[in-house]
Every structure is written in C-alpha cells, then in structure tokens.
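There's a structure below that I have some questions on.
The letters A, B, C, D, E, F, G and H name the chains in turn, as written, and every chain counts its residues from 1.
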Amino acid sequence: MTKEELTQILESVRDGDMGIEQAITQIKTEPFRNIGYARLDTQRELRQGIAEVIFGEGKTAAQIEGIARELRKAGQKTVLITRISEEKAAEVSFGEPFTYDKDARIAVVGEIPKPKGSGRIVIATGGTSDYAVAEEAALTAEAFGNQVVRLYDVGVAGVHRLLAHSDVLMEANVIVAIAGMEGALASVIGGLADCPVIAVPTSVGYGASFHGLSALLSMLNSCASGVSVVNIDNGYGAGYLASMINQRTQKTE
Amino acid sequence: MTKEELTQILESVRDGDMGIEQAITQIKTEPFRNIGYARLDTQRELRQGIAEVIFGEGKTAAQIEGIARELRKAGQKTVLITRISEEKAAEVSFGEPFTYDKDARIAVVGEIPKPKGSGRIVIATGGTSDYAVAEEAALTAEAFGNQVVRLYDVGVAGVHRLLAHSDVLMEANVIVAIAGMEGALASVIGGLADCPVIAVPTSVGYGASFHGLSALLSMLNSCASGVSVVNIDNGYGAGYLASMINQRTQKTE
Amino acid sequence: MTKEELTQILESVRDGDMGIEQAITQIKTEPFRNIGYARLDTQRELRQGIAEVIFGEGKTAAQIEGIARELRKAGQKTVLITRISEEKAAEVSFGEPFTYDKDARIAVVGEIPKPKGSGRIVIATGGTSDYAVAEEAALTAEAFGNQVVRLYDVGVAGVHRLLAHSDVLMEANVIVAIAGMEGALASVIGGLADCPVIAVPTSVGYGASFHGLSALLSMLNSCASGVSVVNIDNGYGAGYLASMINQRTQKTE
Amino acid sequence: MTKEELTQILESVRDGDMGIEQAITQIKTEPFRNIGYARLDTQRELRQGIAEVIFGEGKTAAQIEGIARELRKAGQKTVLITRISEEKAAEVSFGEPFTYDKDARIAVVGEIPKPKGSGRIVIATGGTSDYAVAEEAALTAEAFGNQVVRLYDVGVAGVHRLLAHSDVLMEANVIVAIAGMEGALASVIGGLADCPVIAVPTSVGYGASFHGLSALLSMLNSCASGVSVVNIDNGYGAGYLASMINQRTQKTE
Amino acid sequence: MTKEELTQILESVRDGDMGIEQAITQIKTEPFRNIGYARLDTQRELRQGIAEVIFGEGKTAAQIEGIARELRKAGQKTVLITRISEEKAAEVSFGEPFTYDKDARIAVVGEIPKPKGSGRIVIATGGTSDYAVAEEAALTAEAFGNQVVRLYDVGVAGVHRLLAHSDVLMEANVIVAIAGMEGALASVIGGLADCPVIAVPTSVGYGASFHGLSALLSMLNSCASGVSVVNIDNGYGAGYLASMINQRTQKTE
Amino acid sequence: MTKEELTQILESVRDGDMGIEQAITQIKTEPFRNIGYARLDTQRELRQGIAEVIFGEGKTAAQIEGIARELRKAGQKTVLITRISEEKAAEVSFGEPFTYDKDARIAVVGEIPKPKGSGRIVIATGGTSDYAVAEEAALTAEAFGNQVVRLYDVGVAGVHRLLAHSDVLMEANVIVAIAGMEGALASVIGGLADCPVIAVPTSVGYGASFHGLSALLSMLNSCASGVSVVNIDNGYGAGYLASMINQRTQKTE
Amino acid sequence: MTKEELTQILESVRDGDMGIEQAITQIKTEPFRNIGYARLDTQRELRQGIAEVIFGEGKTAAQIEGIARELRKAGQKTVLITRISEEKAAEVSFGEPFTYDKDARIAVVGEIPKPKGSGRIVIATGGTSDYAVAEEAALTAEAFGNQVVRLYDVGVAGVHRLLAHSDVLMEANVIVAIAGMEGALASVIGGLADCPVIAVPTSVGYGASFHGLSALLSMLNSCASGVSVVNIDNGYGAGYLASMINQRTQKTE
Amino acid sequence: MTKEELTQILESVRDGDMGIEQAITQIKTEPFRNIGYARLDTQRELRQGIAEVIFGEGKTAAQIEGIARELRKAGQKTVLITRISEEKAAEVSFGEPFTYDKDARIAVVGEIPKPKGSGRIVIATGGTSDYAVAEEAALTAEAFGNQVVRLYDVGVAGVHRLLAHSDVLMEANVIVAIAGMEGALASVIGGLADCPVIAVPTSVGYGASFHGLSALLSMLNSCASGVSVVNIDNGYGAGYLASMINQRTQKTE
C-alpha cells in the first residue's frame, strides 16, 4: 500500500466518507498482499514489455497454454516457458509467434525483444555437452532484452581457444561461465575478465563428477575474484541474474 | 603492454631508432606479462586510487608490511589486508594511517576512500554470529569506495525484523545476504528485493550445519531469482563482487 | 499380563487347580507377547474407530485388499492405505466407500471421520510441486479425525504470500511445513507461529538439492524454536504426528 | 498492532484528535515491528513468569550479565542462559538466585518455576555420555515450568533396562529420546509409547558415527510413527518443543 | 606345494631321475598356483559335497548353465546361483533338480543338503521389505548345509514382537540381523543374544535412508558387543559367513 | 529369573508358604530386570573368571577405580579397562596386579587368564601405525582367555610379507584384519584364509582417507567371502567378537 | 608466433612495407591463437600416423561419421571412436576397415598400427565385470601403437592368481590396474611391480561401493608408491596416459 | 630367488653337496621372502646409490636416527626422511651431512645425488600456500637423482603467469601440478603440455574446499588427457612417481 493510498483512506475517515470498520478492513486485512502487490506493480512498471516466465516442469501442456494466454492478454509481449519438453511444446497451440528450442527446452511466445542498450552478456561453455544449459541461459537473457554473445567449447584443456577470444571477454558487461567436469572455466575467465562472472556448474561428466558436485565445488573455491555460483544446471537462474546486472549497468547509458 | 607502448616500439623500428633484435626482446620476451600488465594497467586506470588487497593468511607480518609499503610507494592510496590476525596486525608498523578491525580481521593502510556515486550496497546478516564475515564484506566494499548499509541480525526466524527494513532492501543497488545455520535469509531477501543478491553461507551453527554446508546448499537451491552464492565465510569475495556490480551500475550516473 | 491375570494363575496354583508346569508355561513363555498385547489393547481402546494404516508399497493389490477387509470386519470404520499406486488402487474392489487420491497415492476405505475437537492442523507448502507430500499429510490427518487447513504455495521467495495468512498460522494447534529446494519455509513459519511446527523436507528440486538433502539440512538447522523434522517426503509421518499432538491438545477441551 | 489500537487511531483521526501525517506514521512506519510486537506481547502474556532465554555462546560474560539484568528488571522471574561456559558463569555476578550446571552448561537466574499442570516430560538417554545434552533439555523444560522425569542410560543394547520403565513411558505427555552412536533409542521408544517423541541425535561416538550423522539418519528413518527429530546435540530445542507440546496438552486440564 | 611334493622333486634330482631344468620348472613356474591349489584342495576336502557358488549377475544364461554343468560333473552335489534374474533362470535347462526363488533371485542346482549338526542360524528381519535379502542369506546358509530359523518382521518399532522370540535368539549359534531404514535391529538383537550377530543393512527405505547408508552407519555404530557388518543388501555374504561360524562351532559336536 | 526360581515361588504358593501378593511382587515387579539378570547370570556362569569390561572414556579415575574394586569384590578375576588415558591410569591405585598399555590405552586389573583351548586368534595389521588399535583388540581377546598371534605390518603393498605367514593364517580360528588407508588387507587375508575375518578400518592416513572412511568402504566392499566389518578404530569390538567366535568354536574340543 | 614471424613483421615495418597499425593488429590480435596453433602443429608432427580420437557420447552417428571421414582424408591412418553405442556403430558406414567392440564401446576406423618399440603395457582387472573399462583402455593403447598384455580377473581375493603372473608385472613398462568394489588391486600390484601404475576405479559393485567411490578412495590411499589414479570408469584416460608413458620410455630404444 | 640361485641349490643337491632337508629349508622356508628379497635386490641394483625413504610420522627421533644409521651403514648414499617435524629433526644427530627443510618437513642424510640424465621434472603450484607440498615433491625427486624445475604460484586465476612459462612446460619430461581450492591448474597444464601430468590436490582453502576434496574432484574430472591424481597433500608420492617416469624415459638416452 502506497503512502498515497493510505492518505486517501485516512482522509476518507477524517471526512466521514469511510466508516472505521471499513478502514480497518482495507488497512488491516491485506497489509502484506498490498506490499506484495506494490512490489509486483513496481516490477511490472520496470519490466514493461519484458518476458514473464513460466516454469514448465510439473505443469501440463493445458496449464502452460492457459497461463501463457492469460499473460499475453494482460499485455505481455514476450512469455518465456522454461523446462518444457518437446512433447508438451508440440501440444501447446497459439495463433501467434511461438518458437521452441528443444536443446534448451525453452519456448518463447510472442517476440523476442530487441536488446536494450549496448552492453553484452557473454555466455561461455567448457564443452559442447554444456550446450543445453548454455542455451537456457542465453535464451532467457535474450527474452529479457539483452544482447548475448555465445562463446561455446572454450574449455580450459585447450586454454588457447579461450585466450583467442580474450577481447570478447574484456568487453563483456557480465559473463556466464558454464562447465561440467572440473569446472575450471569460471576461474580462468574470472582471471581474464574484469566484470562479474556468474558460474554455472553442469551435471556433464561421469564417475567422480558426482552429477555436477565436482564442478560446483570448483566454482565455489575459485581463486579468482568476482565469481559467484548458481545451482547445478541452472541456466535460467544465470540468465536472469546476468540480465539483472547487465540492465542495471546500462540504465543510464 | 598498452597500445601506446607498442606503437612507440614500432615507430622506433620504423624510424630506425631501435634494432629489430631489441624490438623482439621488448615485445617477445614477456608477451604474457605484457598482457598481464595490460590487464593490470587497465585495472589501475579504472580503479585509480582503489585499494589493492593482500591476503594476510599464510604470510608473516614482515612480508605483509613489505608488500604494503611497496604498494603505497607505487601510489596506492588504500591497501586492504584481509585475514590478518590481531598478533600480526600489532607487529606491522607504519608511519601512516593504519586501522585494524579484529572481528573482521581486516587492516586498512592509508585512507578509506569516500564512496563514489550514490549507489548503496546493503549487507544483511541472519544473526549476530555472522558479524565477522559481514564486516569482512563491508570493510572490503568500503575500501573499494562504496557506500555500505549494514542490516545485521535480521534472520528469518523473526521475519518482521527484515520486513521492517524492506525500504532499505528496495533501494539497494546490490545486496549481500550473509547467514549460517539454515541460510534462508538469501531466499527471503531475494524475494523482497529487485537487485542482485550475493549470498554468503557462514560456518555459524553446529551439528547438522556441517560447518556451513547446510547454509551453502540452501542458498544454491534458493527459489528466488537473482541470487548467486560465494564460498562459505567468503566475506571478502562478496564485498569485492558487490563493489564490482555497484560501480558498474553507477558508472554513468 | 495384567495383575488380575497373574493373580488368577497364582490362585489356581494355590488352590491346586493348576499344575506348576502349566503355570510356568503361562507366566514364562510369553511375558513379552503379553506386554505387547496389552499395549495393542490399550491402543485399540484409545483409538476406537480411528483409521488403521496399511503401507501399500511392496504389497500386492490382493494383499492390501485382504488386510483392509479384515480390519473392516474387526470393526475399523476407516482404513487408510498409503503409497498405493493408481494401478493397484484400481485392482482393489470393495462393496463399500472407497476413495483414492492419485497425487497423494492414498486410498481410504470406509468413511473419513468428522474432525474431533475444534483444533486445527495447518499444512503449508513452499511450492505447488510439494502437493503430493502435502496431501499425504493432510489426508492422513483427516483420516485420523482432524480438521485440516491447507495453505499451499506460500514459499519464502514471496514471503508476503505467507504473511497474508499469518492469522491462520497463529490460530493453528500444530503446523506441518512442507518444502523442497532450500526448505526455508519451516524457519519462517517457526518464527511467525506459536505452536509446534513439523517440518517435512521434500525431494523437489534439482542439482545441489541432492534429492531433498538441502531442505533436510535447512530444517534441522532452523534458527526458530519449536521446529522438528521428519524424513524426506514423509507426509504420512508428519500427518500422524500432527494428529497425535492436535488430539492430545484438545483432549480436555 | 491489535485491532483495538488501530481502531483507536482511526477514531482519533475521525474525531480530529490526530492529524493524518501522525496517523500514517503510527500505522505505516513500523507495520511489521507492530506485528512483531503483537506476537511478542501475546507470547509475554502467554508465558507470564516463564523463562526468557539467552544463548551464551559467542557472547561475553558482561553482555550476558547485561541482558539478564535487563530481563529481570522487565519482570522476568526466570532467565535461562544456555551454552555458557564455566569460566563465563563464574564471571557473572548477581545479587539474586543464580544456579549453574556445568555439564549442561546452563545457568538459571531467578527461581525455577513450579511445574504447571500434572503432565510429564520424560527425558531418556541411550548412555551416560548423552548426559550433557539431556540436562540441557531437562533444565530448559524445567525452567519453562514443566515436570521432568529423567530416564538415563536405557540404551537399546540392553533393551530390558528400557522395558523396566515402560510404565513411565506410557504415562508421559511427551518424550525426548536422546542418543548418539546408532541412535536406535528413538525407534524403540516410539514403538513403546503413545505420545509424541522428540528425537535428539548426539555427537557421542567415534569413527563411523561421523559426529552424530549416524544417529541423525537413524532417527530420521525411524520406522516408528510419532517421532520427529531436532539438530545434533540440540538439547535446548528439544526441551523447548517438549514444553510447547506438554503445556498445550494440559492447557485445559 | 606341500613339503612332501617338494621332497619328491628334490629326491628325483638327487637320484638323477629329474633334470635341473625340469625341477626348476616345477618349483619355480607356479609357486603360487601351487599354493593356490593347495588352498583349493583343502577347501574341497573341507567342503566335500558343499555348494559351489556362481554369481549370476553379469553372466549370460548360457554361461551360467555351462559353469553349473561343469561343477556338477566335477561331483558337486549342490550348485548355488545368486543374483540370477527370473528371465535367465527360465532359460537355464537341466535334466536334474533345479529350484528357483524369485524373491531371493537364487537358484539351486542339485539337492539342498541336510543340515550338518544341530546348531542353528537365526535370520531376523526388521520388516517384510527385507524379505529378498533375508532369503538370499537363508538359502545360501541352507545350501551350505545349515539349519536356518527365520524370524521375519520383528523390527524394533514393536520390540515386543522380537522379545516374544527371545528364546529363539538365545539358542542360536549365530544370528543374521537384516534391516533397512534405521537399522536398529542389530543393536537390540546384539543386546539380547549371546552369540555373534552379523548385521546386514538393506537399501529398504526412502529419503534420508540414502539407499542403505542410514542402516549401515547405525549397524557400524552399534552399542552392543558382538556385532559386525557386511555390505548393504549382501545377503549372500552374511549367509556364507554365518555358515562358516556355525559349522566351525559344531565341528566337534 | 531362572525356571528353578520360578518353580520355587510357585511351589511355595501351592504349599501355602507364600502369599499371592508376595508372589506377585517377586514375579511381577521386575519382569524385565529379572530377564536382564537372567541373561547376566547366564553370562556370568558362562564366563566364570572372565574379564568384565569398563569403558574408561568419559569416566573419572575415581569412578573407574570404584567400579573395578566392586567387580573384583564380586569375584571377577580379571577386569579390563578400555580407552583409559595414561593420566587416569596413573591415578588409579590398587593393592593388586595392575598392568597398563599406553598404546592400546588398556588397563588390566587382576591376572590375564591362561588361554582356554588351543584355538588361535590372529591379529594382523597393515602398518605399524595400526598398532594401538591392534593392541586394543589383542589385549581384549587375551583378557577374555584367548590365545593371540600378532602379525603386524603385513600390509598389501608388500604382499610377500603377508604370504610368508600364510601358514599362520591357515591355522587361525578367526582373524582380525586391521588397516587404515586403502584397507585392502581384509580382502587379501579373506582370500588366503578359511576362517571368519573381522575387518577393522583405522583412521590411519590423511587426505582422501577421510579419517577411516576409505578403509571402511574398502572393507565393506571386500570381494572375499567370510569378511565382516566393525566400526573405525574399534579394536575392542573386534577383540570381543573374535573371542566369542573362537570360544564357541572350541567349546567341545 | 614464432621469432621468425615476428622478425618478418618488424622488418616490414622497418622497410616501410607495413604500416604501424597493421603491424599492431598482427602482433596484438592473436598472440594466443598463434601459440595455440604452434602447439597443435607440434603435436601433429609428433603423432604422425597416430590415432585421432572422437568421443562418441553425445554425438549423432552422422556427426561421428563426418568427423571420422574428414580425419581420414587428412591422412590419419587410425581413428578411434570411444563411448559409441552399438546402435550408432551400426549406422556408421565406411568403405574401409572398421571394427567395433561392443563391450568397450570403441570403434576403430582404419588399421590398428603395429606396436612401436618392445615396451609393454599390462592391463590388469580385479574381476570379469571390469572387462568393458579394461577393453576401453586396451584398445585405446593399441590404437596409439602400443603392445598390450591383458591380465584379467586377478583380483586380490585370490592373490595367487595375480602372483602367478608376477613376471608379467615385473616386465611391464607401465601397468593399468582396473578394479571396482574395494579397489585393492592397485596397491597389491603397486607393491609387486617396479613401474608406474595407473589405477582405474570402476563403478562395479553395489551398496557401499557408492558407484565407484569405494574403489576410488582405496586407490587414492594406496600405501604403495608409484600409483596414481584417474576418474571412475575412465578406461580411455588410462590407456592414453599409459601410451604416453610407454612411448616416452622407449623413445630411444 | 633368482633362477641362478635356484639352479645352484639344485645342482648342489644333484651333486650330493647339499642334503634334501637343507635344500627344502632354503627353497621352502621363505619362498615369499625370497621373492620379496629378489624384488628388493633388483631394486637395490637398479637404484644403486639412490635414496631410501623413512616416513617420519609416528616414529620417534631415536627410531628415525636408528633406521637412518643402519641404512647408511648398508651403503646408502642418501637417506630421505619425510614428514619429520622440526622438533624431531633437531634431536637427530649425525656426524655427516644432514639437511632439513622445515616447510617440506623433509630431512636428507648424506648427499643429494647429481641428477641422472637431462630429463626434467617440472613442479608447478597454483599458489604460494602450496609451497610445503611442492617442496616435499621437489626434494623427493631431487633425492632420487632428478633435475627439478620449480614453477610456483602460477595459478589459473592469472593464466598469463602460467603461459609465460609454456616453454618450460613443453620441455618437461613429466609435470607435477599442485593446487588447492579449485585445483584447475592440472587441467590447464594438461592442455598445454605433452607429457604425463601428476596432479596433487592440496588441503589449501577453506569452506567448500572441504580440506582438499574440491581440488581432488576437479583433478579427477580433468578434461585434459594425460593427467592422473595422487592423494591430497601427497607431495612425496608425486615426487616418487615423477622420478619413476622421468628415469624410465631417459634410461637409454
């Protein structure tokens, strides 16, 4: 509840336009939902035209389609659906732009917005097997209106592949470093670059990779400054955070 | 090696002022140190007057003093020394401003710069026991020229303590959420705020906290978007990253 | 063996109605089975009309049906069958009320009793994915004759959703807090409420949630007082314990 | 903020006794602290004369003494100080009743209240080494006004020791089962008793007990119904929860 | 190689009946195979008529049949095949006694020998879900010529079920205690009985049982003396060891 | 309570020498302590002159001395005190034979009995660092009246050291295999010997030995039959179990 | 960039044949790619005619065939394809030698080269279940031109099987020791042999083998010198490293 | 026992110079010690003048001195003592060259031999904190007669520091890569070099480094070929293996 709204209620009480019980109801019953709404409103204002996100996992195709339609009706230009299987994506039907990436398991309803500002998010992967997670991050960032540079398969076992693109790293606004196995990519990039690095461990690997634990620990112990970590395989989370940092950075550019 | 330096060498060669062998020596012998220096130069240029950092752990008082003196000579206005014990700090002697915080185990040689820009880093902790890690983060951020707001002991077991300060959270440029035990603070803050949240698990707790593992896993699994995690008790890393995000954000403000 | 029974035997011996060997057999052979039976009797007396429970997992449909029929014959008004798959539930045939919930994988034979007393068990979940575990808890509690209030999808990443229902929490006799991922719900509810909170970690999540370990550790390390924890995904155990506390509480109301 | 308080403010506004800005300040500025206070008030009212608790760990003797004095001034009859070392306890000086238990590391300022109601909390331990954790639980429960029955050293390796006291278990209102090593006590008690069992794993043991992990997992996997678990060595938490259940149970007795 | 064999070789050399090269070959080439054979011989002598064992897992039906036939030809009265699936068992064809237990996944070719001696192996389980592992142990022990007493579903959550059979436990020569979940059965039996107890943790359970880890740790930390542990679900190993102890015990009876 | 005792009571009742109430008291009041005593009695009868055991850890010197004196008074020829520090052992004073082994931290009050029977327990260690655990096992077995053969420092990295003693292994009645680091000794011995092998992992090692976890897992996964495992560093448990098996084996020899 | 190349650029600048900006571009833009290429060239020269390797996992049959054809065209005599499923192998079609091993899941296009030098790589396994990993190692080593001796099923539970082949071990240039379960093979071989031992833990086993963790820890803790470890099931890595060591050893033979 | 020795014995028997019993004694009594000795002899022959090694941990200064003196008497030119504390080293007294390195905790009695051959072992560390482990490796390799190149503090967070020395890496015969924290050094070096890389994880780090687990897992999951791993902090093991590979390589150079 904004100060204005509260002022209005109090003025109505003072002026006898509103009974005390009614005022109590308005002030008291949903003090937190109001705060909640306030927050949501702010966000809506902030993100005007930005993608709303639906987590597809654990929802039926019908549910997904229903929510997506409602969001579109409410004026959302872009609706992002993450972790949606190929089968479900095939079932969803829209009379409007709908693109699906089966590797990243991401669908986009509506148009992917043009990037705002000139800042760039670089998304780098250690190997080709990290592709799905990387695309989840990249498509998320693009759906939120960011310019994304893909730098795939630049793992540290051939560090020259990464160094050949050091200029790209130097010019990034924020970098998402995605790697499984030993997860060393984050540290090497953290040492080369001068911007925040979001590390995403992946479950790529076998044996003592323990489904991503190895890469996760590596990244948490990075000896490079400026590196932070999200959950294993959490491409969406990295894309969201990268967008948040990138757009704050260029707010006034 | 900056472009200017390389241009100078090439011009000398063109003009016959420098022999080819000599030029090769200057360009070739330290191609990587050059690159390294170039990166360092950029940073120095970027960070003019910003703190250089010495990790105190595993270094003697003499070594620490030596490095700090050299950095000061090289023109550094502020030298930050992290993880330095009270004993070592007492041994170090300077003829200039020297402050020491025994909780955060941080020493600052020279003056703490005035914050650049109006952006604020909020540092929140779950409990009073997280104080040391929080101060490590806060003093690091301040030494790098940031404005820091401390919001200590706002743990989720009394969520109203946190909500009472929701305006502070809403106005932050970046938030560092520090908590041990169940580490839920990061998620609750992540849900309330609209800026990047850097989560720092601490080793505070006992039994099934497993020296910070519990808080670490909680934070990695945060259901709030915009949250990323650094190593257990890594206050310095969080402060550094928070500074990086905060200063990028206000570059052009 | 009750004192009365033992007196009878001894009197028979004294009066010569029973030989010593026979007496030894009666006293000695099953001292524990007697104790066991006594306990069972007590329980039966205590729970008159209350649901008996069959764990469906690892039993055939025929076995389940057999046990359920026998219990019904023995006078049980309600028989609860937990962890029974949809296939098995379809095979079981009764000429009497039979309801099946495929999410909670719970079947109820007979009628769900009216709640005894006015005390309420609140069952809260962090997300919609915790639904199955929550319904296992809720249906168990209802089958034992409790009034249940469902408060689903009130996870801490949007803490206002939970706070909007703080009155419900304040009026509960006991609360079951169910959450996966970072499992912070238990702590936040523990801080808001003034009654026992039973925390149920769920295996909802991926990556570093390690199949519920993250939520489990969080809940064990809760900084809120009055919180205890059951096994991952153990909705039945939480429902049973909640019923036990709720009914003890209102025994004399 | 209670409804009455809000009504008063609104009436003052209606009647012109309070300006709108002043009303906004009172309603708006600390909506959550108000809620917080409301909760605290309720608790205070509820617990009239009940122990307030100070966690001694990580606080100086001076800080502990200061807080305790303040609480006493505020009318608290009993102040419980947990995890306070013998050294600190010796430093604390009061001109009033002060008792210290060096095993449980608990100090009580003021008088331990007489138990309210006739309900009993049974505190059982597997071995003599669990004594410290058990006393932390027992003294906590006593300081909160509960009648406590101690049943120590009744571990399952000699199950007859436990069975000899099955009547005590049967008459309990709530049981705290404390054990290290294999932690089987909770299951055996859970099978014998008919009331809630709070299981406390302890770090007693060596080798594959992994500092309490073994007992913790055992207790979480208890095949007995009605058992829930708190953190390793968390005697205070178990005592607090036991008190909560015991006093709810006998509210109306 | 026995002393007699070596004496013979040396005498042949001394007497000129064997060339030096030939002697070297006999002494040198297979010193270890000789030792091996000696050991094998001893065992054959020891086990005359005892079951040979084929691990079925990872072998084809044809391979299993081949090995079994060869063993039978070599005079083995009983051939035990463990971990053989129902499908493979159906493919194996013999013109002689062949029995298959699909729960234990054990096949026996030939006849199960009559028990030697009067000593008894008691095999106890915590629940009905431990049946398969228990039967693997029981059938193994029987195939090795032991008398087995089955005591299933006597878990500690209803300790009277176990106590009702304390005479059976007291008269055992060796006990195999099989349990999943909290694995407390081994400790309770270890406290009641006076003979070696072989504990078998099973993977029965869910959540924090972590596929048998909980039961394994419990059993390793047993506070009862005389308990040792084999691998999770290792019914065969327990049956084999129980047979070894039982038959040694009654060697001279 | 023995059958004889019960018969006596019943006969007294039959003959009118004992009133029914008195009989009830004797039979009923301590049914479990009776059972307990019965078990203890049996054991005492069985073990005539055998060592009673006091766990020294967590007991004061005075307590240890007190219990030991009482046991000696009760006729115990040998009292074994395990895990007693050098300091405590020095404080304990007896006017009778008292020996202390500071490596094994074991004290023996009274005389170590002559071995009963000719069966031998072999105690083998992987390295010299396993000495303390090995001596705890050896002295325990000797105090219980067994003949012990020590085979130390025969680790698998020089398997010939072990093979040179294969005759000792072949003649053992039971073998205790003690090893840290990779714990392979148990498997190699299990393959060479034909009697039960009790494996004791030790915490000897560093790094990835994780305080004995490595050896523990190795031993649990032994590919040799006849091997079972006790807790890390549990020399006492192994000595006790070895004695149990050894003495059963030679009962009738 | 070689010294020659840099000299050429500088001479061109000196002679006015190249502008300064152009020189900067050539020197500055790809300093790392040059180094990278140099390394690759060296390798090609070194391995002339040696197998190139394609990781089959995660690639389609078409992709695999495409890469293999290109490599063959480029003159590679042998192309090794690892982790390729039987289905994919069947789809790949070549008009030239193509062999597939379904156990090792390895395909070889072209001819397996004759071993270079007389040095031998011994590949030993603990059991028959380790066959697939062993063949991956063996075929890799053979494809790189090494002589391989297979020593399968020589696990430590029957150490004589291994000792019978001690001459083979003594004559090896490098040994690959492959074992699951307790992984003791590496230590025993390390103690017998005098050359580097590469240990490969396998995921063979169940229960407390934890998918290879048991063998992995064993091997890392080997008390034998000269043993190092690769990832669980990493036959390829062991074969590659063994080849590297073997061929270095015999470079000049 | 060599073939020659056996031939001699047999010839003596044939010629009547040796009785059969005596021959049996020589052949039979220590068949394995002979094998053992044979191996040892071979090694001695091989390593003429090479360091023998004493593990100092767990031995007294007197024991260490005793063994060292005996080895020297037996003709050893160099005796290496690892993991010997400064205190013990001070107690050991020799009338001959004795050097002690307190960081590496290594003592050398006698002279460090001149390197054999021109092959070089490169020892690289990620940070200065890895110094102790690195020196343990380096001094071990030097004591075995190898030429060692130290490349310290070339961690991946500043990859240019490592690249500046890529020529050193390219010319190595074998590289030991030592790193704690994220342990990425091994992968980066593995990608740059063309010789075997022995990775040593160190316990350097804090929090989620879990005492070296993080570096260990990273190194095991290295995506570079030719990398194998030894135990955490095992500098000696790496130095020994590096020497073994280096000296085999240059045998015939």
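Please note the rule applied: a residue touches a chain if its C-beta (ideal position, glycine included) is under 8 Å from a C-beta of that chain, and two chains touch if they have at least 3 such contacts.
All of these numbers come straight from a predicted model, not from anything done at the bench.
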{"item": "Minimum number of chain-to-chain touching steps separating chain B from chain F", "value": "2"}
{"item": "Candidate from A-D, E-F or D-E with the same interface as A-B, over half of contact pairs in common", "value": "E-F"}
{"item": "Chain copies touching (chain A, chain G) - same or different residues, decided at half shared", "value": "different"}
{"item": "Centre-to-centre distance between chain G and chain B (centres being mean Cα positions), rounded to whole Å", "value": "42"}
{"item": "Distance between the centres, which are taken as Cα means, of chain H and chain F, whole angstrom", "value": "40"}
{"item": "Distance between the centres, which are taken as Cα means, of chain F and chain A, whole angstrom", "value": "61"}
{"item": "Residue numbers of chain B (touch at least two other chains)", "value": "31, 35, 39, 158, 163, 166, 192, 207-209, 213, 216, 220-221, 225, 231-232"}
{"item": "Pairwise chain contacts under the document criterion", "value": "A-B, A-C, A-D, A-G, A-H, B-C, B-D, B-G, B-H, C-D, C-E, C-F, D-E, D-F, E-F, E-G, E-H, F-G, F-H, G-H"}
{"item": "Of chain H, residues touching chain F in the complex", "value": "30-33, 35-36, 39, 57-58, 201, 203, 211-213, 216, 231-234"}
{"item": "Contacting residues of chain H [partner chain G, same complex]", "value": "35, 39, 42-43, 46, 163, 166, 170, 173, 192, 194-196, 198, 216, 220-221, 225-232, 237, 240-241, 244-245, 248-249, 251-253"}
{"item": "Complex contacts: residues of chain H adjacent to chain E", "value": "3, 6-7, 10-11, 13-14, 16, 20, 23-24, 27-28, 31"}
{"item": "Residues on chain B engaged by chain D in the complex (per definition of touch)", "value": "128-129, 158, 160-161, 163-164, 166, 206-209"}
{"item": "Residues of chain B touching chain C in the complex", "value": "126-127, 155-159, 163, 181-184, 186-188, 190-192, 205, 207-210, 213-215, 217-225"}
